[in-house]
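Both complexes below contain chain A, partnered by chain B and then by chain C.
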Partner chain A sequence: MERAAIIGVGWYGLRPTTPEVSFREMVFEAATRAYEDAGIDPRQDVDAFLSAQEDFWEGIAIADEFAPEPLGGVLRPTVTVAGDGLQALANAVMLVQTGFFDIVVVEAHGKPSDIASLGEIYEFALDPIHHRPVKPAHPLFMMAFDAQAYMMRTGADPSHLALVAAENRARGLRNPRASYAAKISVDEVLEAETIMDPLTRYDIAGYVDAAIVLVVARESVAKKLSDKPVFIDGIGYATETGTGTLEWHSWGRMPSMRVAAMTAYAQAGIGDPLSSTDFAEVEDRASHYQLIALEELGLAPEDQAHKLYERGEYELDGYYPVNPSGGSLAMGVALEATGLVRLLEAVLQLRGEAGGHQLDGVERAIVASWRGPPTTTSMVAVLSGPEMGF
Partner chain B sequence: MSGESGKPKTPLPGTYLKRDEYMKLPGLIKYKPVARYLFSAGQAQSRFLHGLKEGKILGVMCPSCGRVYVPPRAYCEYCHTPTSEWVELPGTGTIHTAVVSYIATDRSRLEEPEIVGVIRLDAPGYKEDQYEFAGLFHKICGVTPEQVMDGSAIGMRVKPRWKPAEERTGSVTDIECFEPVEG
Partner chain C sequence: MVSWDKRALPGDIIHYPGKQEADYYLYPPGIHGKEAAELLKKGKVPGMLCGDQLFLPPKTFCPDEEMSEGTVVEVEGPFLAALVTVIYEDFYGRSLEEPQVLGLITVPGAVGGYLGVIKADPEMVFPGMRVKPVFKKEEERTGAITDILYWVPEGD
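Moving on, here comes the complex of A and B:
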């Protein structure tokens, strides 16, 4: 079975507000850039289009009808995935691997600056019978549950979380796409106002508007069309048990990410991810989630991520760089496009086009993201760069 | 059963629940979501809305295929190229389709039926076809439900009834409705 490869990427936004464009125009801008990157005409060359979106983020019920047009997908097979863009990518890979689709386009966007009641939309995601009637002050308490449980289990303390926040935000200073980059010390993170104990304002990622578009092709087609294809060696996703519950939930862990990683690693033929890959882009919408992800991905031994982090093992020049882009803490959360922001950064690294935060000689990467909480759905992909494909 | 009183004219055997008793039963949870948005209209639609405020209907043309988009788009959905040339339309047009609605969104009966339709706008120089044209969905006034139902409204020449300039805000409701062109 042929692998799928990414032969074009395009993005627009990655800024806290984008009042100059509608969400459709934002998608059109990202799509135009992706098609130019891949050298294709969407009206002639694309066999199917996939769009990741959720109606309440859009503010439009049955929003899938808005998906085809800005992508160049009218009168063509288009389908929406109500999830993160990485889930749409996994579906694109499956379409390509059927052998019936040569080129498939994947799109995800988020325009949180258009949402005037973001907190209430998160509240609307709570279980209507058990949790909404309690009227918690802000749904962010779920992230803090995970932080507390993670620290209790591992012995990490708030300074370990602050270290992740300070490092990721500082890394973003070299990344022109990182709107929330900051030169900030661990002490400044710890002393900042507490949002939801133990998380301070710098531990929690901000929001950005963004659209990301990918052009995915069958391996043989990709090699003909592109001199820099990035191959998807494996991709998996999984959802946890206890749908919507806060009670029946593994706080401080992310079993869905472990399952998704095992799926992706098996497809890629990877035993030990640390020795088989060169770096990772992982979801960090609050600082402790980067540490949790390292353990769930097998990039740190159980309960040890914070200690290895403290030793500098995950720095840009460390044993295994994690989030050279600065992650979501530096780049922001783009709703359903968040996973594709991590993927975009990994693709640019593997193509040697990351710019100021380019790593030397990287050939293989892990990309991991998730949506939730509480019932997390995680997505993990293993990518290899152009020279690994021949 | 049912009816205005909530009770059948001939009572059936059994215990009747009043509405507030029913709503108090465990197992019914009321919830009203708060979902508020501030939509960015974007480049094409913003220019269109500014035009409405000035009493103009603006369209934009695809440089590749010549289609004129009203409501405007920043890109052509057929060619996937940016639209570029703006044109001011005269505003007149013909009723392409119209319907009479007797119910509101919550299915309550309207006191006066409402007529809505799609207006095919005059776009000089644009080669439109039966299904593709510069047009607007709007309310239609000065036309009777009977004219809609017998089909005589279809094809009728209409023009926008503008709000007074000082009341226009840059919204599609700056046009109150489309009404027949006299004479």
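Moving on, here comes the complex of A and C:
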């Protein structure tokens, strides 16, 4: 079976506000750039379009009907995946691997600055029988529970969380796409206002508007069209019992990410991810999730991620760089586009186009994201750069 | 005017405000939900047995290989806050008038727990603390989770 490859990427936004465009124009801007990058005409060359979006984020019911036009998908097969962009990418890979689709476009966007009641939308995502009526003062309370459970299990303390927050935000200073980059110390993270114990203001990522568009092609087609394809060696996703049974979540862990990783690694033929890949872009919309992700991905032994982090193993010049982009803590959360932001950064690294935070000689990467609170859905992909593919 | 002629001055940017009309909906609790509601009305805490494993709160399906349906049972305690956080700010960064203590309240050996507000001094709460439910008066109960007004530390 042929692999799928990314032959074009385009993005727009990655800023806290984008008042100059509507969400559809933001998608158009990203799509135009992706098609230029791939050297294709969407009206002639694309066989299907996949859009990742969610009605309540758009403020429009049946919002998928808004997807075709800004992508160039009018009167073409277009379908919406109600999930993170990485889930849409997984579906694109499956379409390509049927052999009936040579080129498929994937789009995800988030425009939280348009959502005047973002907090209430998150409340509305909570279980209406057991959670919403309790009126939690912050709808993302589950992040605090996960942080506490993680620390109780591993012996980590708030300084380990703050170290992740400070380092990721500092790394973003080299990344022009990182709106929340900052030179901030561990002490400043610890001394900031506590939002919900044990998380302070700087442990939690902010929001950005962004649209990401990918052009995905069958391997043989990709090699004809592009001299820099990035191959998708494996991709998986999974959900725990779900938001409706959030109480049953494995607190302080992400078993959905572990399952997604096992799926992706098996497809990619990877046994040990540490020795088989060069770096990772991983989930970090709150600082502790980066530590949890490292363990679930097999990039740290059980309960040890915080100790390895303390030793500098995941720094840019460490044994295994993690989130050279600065992650969501530096780049922000773009709702359903968040996973594709991680993927965009990995693609640019593998193409040698990351700029100021480019890593030397990287050929293979892991991308891992979470659909965000209150979901229990995770996605993992393994990518190979152009040098590995030929 | 084409798409690259973007407007940049604040006065040029307009929005059309809108409202998502989804603020009224009826949520059926399902067959097991009705059994759980009956227990709540009696001032009892419901759980669900899937084989020998207790789950809190009861939902319709067991997360097992057989996709079986569980049995709703009364849970007598002892209750403890397995996880507990103190919330100081809301989603928009506004300080709360009073911090809210929120816990995941369970019994030893159970999977899951009830999300519940704990009426306690934020300085005195900790994971693993024993708590007990405070119910509404019997005549005011409706079978909803809000029949539990809040939880308090055991001994209060």
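Please note the rule applied: the second predicted complex is superposed on the first by the 384 of 390 C-alpha atoms of A that agree within 3 Å, B and C clash if a C-alpha of one lies under 4 Å from a C-alpha of the other, contacts with A are read in each partner's own complex, and residues count from 1 in each chain.
Quick note on the criterion: a residue touches a chain if its C-beta (ideal position, glycine included) is under 8 Å from a C-beta of that chain, and two chains touch if they have at least 3 such contacts.
A quick note: this is a predicted structure, and the numbers were derived from the prediction, not measured.
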Contacts of A:42 with chain B and chain C, given as first, second, both or neither: first
Touching partner for A:353 - first (chain B), second (chain C), both, neither: neither
Contacts of A:111 with chain B and chain C, given as first, second, both or neither: first
Partner chain in contact with A:138 - chain B first, chain C second, else both or neither: second
Touching partner for A:23 - first (chain B), second (chain C), both, neither: first
Touched partner set for A:74, first chain B, second chain C, both or neither: first
Partner chain in contact with A:310 - chain B first, chain C second, else both or neither: neither
Touching partner for A:251 - first (chain B), second (chain C), both, neither: second
Chain C versus chain B, contacts on chain A by residue: C
Contact residues common to both interfaces of chain A (with chain B and with chain C): 19-21, 25, 28, 56, 59, 114, 116-117, 124, 128-129, 133
Contact set on chain A toward chain C in their complex: 19-21, 25, 28-29, 56, 59, 114, 116-119, 122, 124, 128-131, 133-141, 144-145, 148-149, 152, 193-198, 201, 241, 244-245, 247-248, 251
In the complex, chain A residues that touch chain B: 18-25, 28, 31-32, 35, 41-43, 56, 59, 68-70, 72, 74, 111, 113-117, 120-121, 123-124, 128-129, 132-133
Chain A contact footprint on chain C (complex, rising order): 3, 6-8, 10, 13, 15, 17-18, 20, 22, 25, 27, 29, 33, 55-57, 59, 63, 82-93, 96, 100, 102, 104, 111-117, 127, 144-146
Residues of chain B defined as touching chain A within the complex: 29, 31, 33-45, 73-75, 77-80
